[in-house]
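Here the structure is laid out as structure tokens; the discussion comes afterwards.
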Amino acid sequence: MSESIHEECGVFGVFGEMDSDVALQAYVALYALQHRGQESCGIAVNDDGLIHYHRDVGLVPEVFTHEVLSKLGTGNMAVGHVRYSTAGNHNRANAQPLVVRHRKGTMVLAHNGNLINAAQLREELEMQGAIFHSTTDTEVMSHVIIRARLESSSIEEAISRSMNKIQGAYSQVIMSPQKMIAVRDPKGFRPLCMGKLGESVVFASESCALDGIGASFVRDIDPGEIVIVTRDSEGKVQVRSDRTHCGEKGNLCVFEFVYFARPDSVVQGVTVHNARVRAGMLLAREHPVQADVVIGVPDSGLDAAMGYARESGIPYGLGFIKNRYVGRTFIQPTQGERDAAVRIKLNAIDETVRGKRVVMIDDSIVRGTTSWRLVKLLRDAGATEVHVRISAPPFLHPCYFGTDIDSRDKLIANRLTVDQIAQRMGVDSLGYISVEGVNSIAKGASCGFCDGCFTGHYPLPEPKSIPKNKFEQKISESRSRKEDDD
Amino acid sequence: MSESIHEECGVFGVFGEMDSDVALQAYVALYALQHRGQESCGIAVNDDGLIHYHRDVGLVPEVFTHEVLSKLGTGNMAVGHVRYSTAGNHNRANAQPLVVRHRKGTMVLAHNGNLINAAQLREELEMQGAIFHSTTDTEVMSHVIIRARLESSSIEEAISRSMNKIQGAYSQVIMSPQKMIAVRDPKGFRPLCMGKLGESVVFASESCALDGIGASFVRDIDPGEIVIVTRDSEGKVQVRSDRTHCGEKGNLCVFEFVYFARPDSVVQGVTVHNARVRAGMLLAREHPVQADVVIGVPDSGLDAAMGYARESGIPYGLGFIKNRYVGRTFIQPTQGERDAAVRIKLNAIDETVRGKRVVMIDDSIVRGTTSWRLVKLLRDAGATEVHVRISAPPFLHPCYFGTDIDSRDKLIANRLTVDQIAQRMGVDSLGYISVEGVNSIAKGASCGFCDGCFTGHYPLPEPKSIPKNKFEQKISESRSRKEDDD
Amino acid sequence: MSESIHEECGVFGVFGEMDSDVALQAYVALYALQHRGQESCGIAVNDDGLIHYHRDVGLVPEVFTHEVLSKLGTGNMAVGHVRYSTAGNHNRANAQPLVVRHRKGTMVLAHNGNLINAAQLREELEMQGAIFHSTTDTEVMSHVIIRARLESSSIEEAISRSMNKIQGAYSQVIMSPQKMIAVRDPKGFRPLCMGKLGESVVFASESCALDGIGASFVRDIDPGEIVIVTRDSEGKVQVRSDRTHCGEKGNLCVFEFVYFARPDSVVQGVTVHNARVRAGMLLAREHPVQADVVIGVPDSGLDAAMGYARESGIPYGLGFIKNRYVGRTFIQPTQGERDAAVRIKLNAIDETVRGKRVVMIDDSIVRGTTSWRLVKLLRDAGATEVHVRISAPPFLHPCYFGTDIDSRDKLIANRLTVDQIAQRMGVDSLGYISVEGVNSIAKGASCGFCDGCFTGHYPLPEPKSIPKNKFEQKISESRSRKEDDD
Amino acid sequence: MSESIHEECGVFGVFGEMDSDVALQAYVALYALQHRGQESCGIAVNDDGLIHYHRDVGLVPEVFTHEVLSKLGTGNMAVGHVRYSTAGNHNRANAQPLVVRHRKGTMVLAHNGNLINAAQLREELEMQGAIFHSTTDTEVMSHVIIRARLESSSIEEAISRSMNKIQGAYSQVIMSPQKMIAVRDPKGFRPLCMGKLGESVVFASESCALDGIGASFVRDIDPGEIVIVTRDSEGKVQVRSDRTHCGEKGNLCVFEFVYFARPDSVVQGVTVHNARVRAGMLLAREHPVQADVVIGVPDSGLDAAMGYARESGIPYGLGFIKNRYVGRTFIQPTQGERDAAVRIKLNAIDETVRGKRVVMIDDSIVRGTTSWRLVKLLRDAGATEVHVRISAPPFLHPCYFGTDIDSRDKLIANRLTVDQIAQRMGVDSLGYISVEGVNSIAKGASCGFCDGCFTGHYPLPEPKSIPKNKFEQKISESRSRKEDDD
């Protein structure tokens, strides 16, 4: 129910046997990664050097019908991508994976993240005559890699060289005619893991995609690591790593644990569901309250609610029912229809809350309007008190690393104090987890965290100006810029 | 995840102000009733005697786009219907509400239930020259009512007369040019309730639809009751009842509480969620077991799992994650793809079950194959023991009253003992709730129950032969019968 | 380019071998009959008593995709229907063939024509309790036949009996589980012919459909004739006729020759193209003029233009080019867009008309606005004089027999004299063919003609009042009527 | 009915008032140019420097619905493109106009033609690090122009410089933020003309598009000419020419007159219809025959048939009727269905040809199979003799300049003599127009011709090897190439 924090992508790759059903594997895996992006999706199949691909706007089962998947055929490798959704925006041109032809063949690139020096790189490239067909970082990156390729003896060398130039968050799967390469930026902002299915090597943003295809988890890709998969002369699959850019512990986005990742995924050694339960437990300690029932906002608030209940001893109850069939409704954002939209999605179970003091757990407050509606549903259902607990600290700073938490003026926490927010939402109390708290929910994780959106302290130097055109890429197939001198 | 028990329909009606947005209200209400039928849906709007309608195969948001809803326009009454889904069956001809023209005008009929003497009635009608365009009970009923209408002074009198002829389960909303009539069969097999939204009177299969449109619940329609809504000469809305056919306590389908109805609905005074929690508590008493965690099969097993945990003291855990984006996938029922389909839908959270003795709660076992796959997911995730508890008794008998529990040979419980089923599923123990147990989960309900599918004892005499063509209506727009003598 | 005169339907039937590809034959035949109706189409296949059918709004190739046609499967009989188009009107409920189930099995009915006593029949039927699902004559007819069937020993006897009741124009193909029956009203208003393809017997509105499937023409069905096709006990196809209602010479709609039928069809022994050429020759004799070139308005004015040129000795030229790709454009009837719509459809060839006196031949003038635009195109292209010749007399009277020439006030000829029309169109002269002339264009035809729309003299008594609801059936899936007494 | 000779594109541009309805103008113009390409289409609107565009697979009215066109909005310039159709090939990635962003802004490019040195240019560009997203010449060209742009002071200078590099056929409309530029290669292989509509300047492949939007024809763009349209500081539209690359008389594809262009277009001063009539007259002189009727194969053989009739004195008759509704049918190329497909498209009018000696005029013979079927239709209809006359010489050589006449082994004329073809087609005689003849059909045209497909003599040096990947671009969104060294 969060209003606007979106992960920007999910990636997948499989390097398998010749003529195997890699397209179906990608399909199932992207289905499991669908929560990381609902705008568009794509699959590219490599059939011994020949690339077939399909990309379109829509959910995985909408885009990949039986017929479309059949046409992709079999192959020995596949790369898949899901991209996040913004309402009403059908931007087919930005769908991934990107497929480009160059001096040394065809390169396929699936990217999750965000570059902070994309604008500068783009300008440099344009000065040298480069042409762009989209506004994506992915296209910028492809230019950097392919230029590096001209003076490199291999695609992996080109990738390694390009890492000296590009700055930001990138978890990628790259496919050349004969190789598959997985790469994660030196800070490891976005997750990326490796699995095994028989002889096949698999890469995915989250382990739930490995489960989806029946693969077993091998390990996370390390921050800065380049993993190269090839087939040797005897046809055996070889996996090796270029660790030149490794060395840092990494700064995984902590919001992956709070909201983005699927509860059944294991990220850097920690089950996401458990991290969320722990967030709830910490919330109970940091913001205790006398109450009769703890409820969660479906789906992502449910785990933390279980934790709050467990720690506080207040019974856990089912406060809201989410409509299983909610999909794309035409309901428009007029005030009346926005109310209808919320009521279509969620309904309170009166008996759970009537006459009770209720603790309601959610994962975040963005603009505050959805939370306000939920509180109203509870009041209407007879709750006597409503105490809201949020399993993330307030968003106070933009994110430059692959999510859309970045328009300061839309963030309610930027304009109002916690008390003011509580008042506006009409709640009896409001508590956010502390920054220290959120940093400990994934205790035991094999990496450090980025909590820049809460603290303003980023693992990389903040870009001087927020790239003003950053969200241009969300514009429907249209481009703009003034020509200077002709 | 149940394989094949389906409710056959949901109905809705609103009698409101002139030129009000009754179509949008029907849209929102049908969205809330979508779980009662996913095959097709329809809305008929009455604009002061003029009927506009649209029906098609698909989910509510698919069929009712902004454009389609706009074309329906405003009006003073609307009737809506959802019909259940059978895979791959696009039977547009059977979509409801039925709209028929007759001597006295136009009648719109939305029906939930099943007649047990439809075949005989149909034969009688055909002897008198009646023509049928579909194979639905709804069309049979419309003939009975309209013939009765010829000798009645009002539509409600015709409905009352027709109730002497028709036998079975029927919860209906009927619209004539000037009136709206809600009727429930004398046994009250299917739910039907009434609400209020300002001056408007609303009818719906479940109260969650009232919540959806912001209406308040007034009461359940009684078994056998005919409720007539009209506008008097001064334009005030009048509601009155014909209780000629009332008198029995009623026999509501108990499976409505176990599975069909939405947890947030209140049916005959009982919140469905609570009935399910109670089912879990009873299960814990009837089939206790030493275990480490209780998990539910999403979505309908979750409530009972909470009850089992509460009663047994065994911790409640999140064992499965359901993919939020599961919709219509092309995945076909080959063995391999069936496995993939289950993995797309559900994934186990390893950490919840690894090394643990698990109690898994589901609402029913139909063919047993899905349950088998779920158990396997748990074993693969490291569960040391798996104990399955089912919140309904075994299905041993067909249902004649509006669900599709009726092919005896498909029901695993008909062919195998509980021990044999447990063995086939590979579980350490298996326990079904008792018949007495299930009859008490909705304790306090203002009606009795039908448990015929568990006991073979039905509130109405069992039809001599199972109407052999009962499911013909699921055949895609095609009909069959041999002509006798020409 | 005629603005609004439409034939209402085309019908087709094939009685063939078991398991033959009758659906594909129907598809190809309906394609050839598409000019008789573009709103909706349908095919019903009879597979040894089992009926499969599909009907929808759209053109034949749009509705019958490969997948849809495959699902219809093979069979031993098929009936097909095309229905005419009114812009923006998607009335799926009125699509044919009608498939109804009754006492004696299933009846499939494809109808071309219009009953003049449908309203009375409908009232009688409703008095007896009949229910209607549409507003079509076809449904009325099916009730009459099926009631007659109750007291008849065969379907053909029932059809013969029903012919005593129904009055008007009807060319039909009817299919029972074992038989195919073709019937034409005693006046023979609409065409219907029979063909042969190997052992198969074929019926179609026009012979071009026989050509389309490679069948040979056998003969026209006589006015009043009922042709019954069955298979005898040895499996041989038997064709016999009930000629009880025969006896009149018939009154085929003469506008079939002028406009409706396809030029390559042979109707009652006359090739339509030749009748049109003859119309042009007669026009040249009745309305000679000094000119430099004769051009036709595509497509239906071209044949008459050839005739005018041949008779007058004035050279025939290509004056207009029609855009081959014109289909469904969103262009709306605002003044500006209407101009654009005409320019999209037709363009003048300047060189043909520049500096010349032009004779332009069209088949009819309805509201006059299209003709006006065409004349303007010619003037703009440099024509010095424009003389318009129309190969039909002025429409002065409504048609009750299956076309939509019936809104008197829309017909320009009803409001203005020929001179006034000429002036309004801005032409140098205007001449319509005479009534005698049009009656002689199909000289040698084996039947008489109906020219009621020109003369007001009809072969059947004119209905007292124009059935006021006649065009209700064009309303999108919506119905209306006030209820009287409840 | 020609089996496979296709024009590859049509282009359009309008430079108009601010906020004018340039998108609708492009829509109407592309509708008129639809015959030049049916695979895909696109429109880019320039709203004072901001570019909005939409491109997709499909016909103009399919792709540009009311909604899509509305979203493009108003603007001061627009460029449109249609691309030709190959069955079953939905190649969205190759749809035009191309929109690319570069150092100096955004460039929009719509191209008709074919470069003969594209492969070499591409290789050079790749050596410098260029990346390609498609396999089109258009993308190659955009790279050449944009690299030239880096060292040019204006876009028109860049285009002029790029013309020193690119070789082949190209008629283009290019749009920069502030300018519109039309350019035609120095040989003028493909047509391109300029018109005027009020203050607006319009460019189009053919004059029929000018007529379509109500614009008046100004002149053809000269071979080698670059026309630049800008708005001066007072807001007045300025048109000027760069004639650096002009000088040659030009070599327009003569097949534009025979088949590609629309009959109502005026190309280089000659009305296409008249050129075709003249082709028929020349055929009558070159290949006279004793016969009773001359018929044409619709649509493009009709004009030449009129000419043959006029010159020979043999009456012109309507031999075939073309189904007006033929669109995309699923009919597959099995032998049986191919026959059905021809019968769906065309039918003979028996009375025109029965018992007669027939001259049938067509514009070309490619594989000969369609012609064979047409001859059979005539024989079946009773023609006693069939004499075929072709208004183009035999195709003996590939086309490198923008059509798909280039697979030598598919061309029947390459494998068989005229007598052998006649025999195979089962005709009594067969005559092709001579090369001299076809070169004189557009007598008076303000340019020379390319007749390379007939003679093997090309205006430009023939590429050493036929670019082997030339038709790769027809492959559905898929790419291939082996990587060399990594």
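Letters are used for the chains, namely A, B, C and D, taken in the order the chains are written, and counting of residues starts over at 1 for each.
Basically, a contact is a pair of C-beta atoms (placed from the backbone, for glycine too) under 8 Å apart; a residue touches a chain by one contact, two chains touch by 3 or more.
Worth saying up front: this structure is predicted, and the values here are computed from it rather than measured.
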Common touching chains of subunit B and subunit A:
none
Return the distance between the CA-based centres of subunit A and subunit D, expressed in whole Å.
47
Inter-chain centre distance, subunit C versus subunit D - centres from mean C-alpha coordinates, in Å:
37
Cα centroid separation, subunit B vs subunit D, in Å, comes to 59
Name the residues of subunit A that each touch 2 or more other chains.
none
Pairwise chain contacts, counting only pairs that touch as defined
A-B, A-D, B-C, C-D
Can you list the residues on subunit C that touch subunit D in the complex?
24, 28, 31-32, 34-35, 38, 59-62, 64-66, 69, 208, 211-214, 262-264, 266, 271, 273-274, 299, 302-303, 306, 316, 318, 321, 323-330, 332, 339-340, 343-344, 347-352
Taking the complex as given, what residues does subunit B use to touch subunit C?
49-54, 71, 92, 99-106, 126-133, 135, 142-143, 146-147, 150, 153-156, 176-179, 476-486
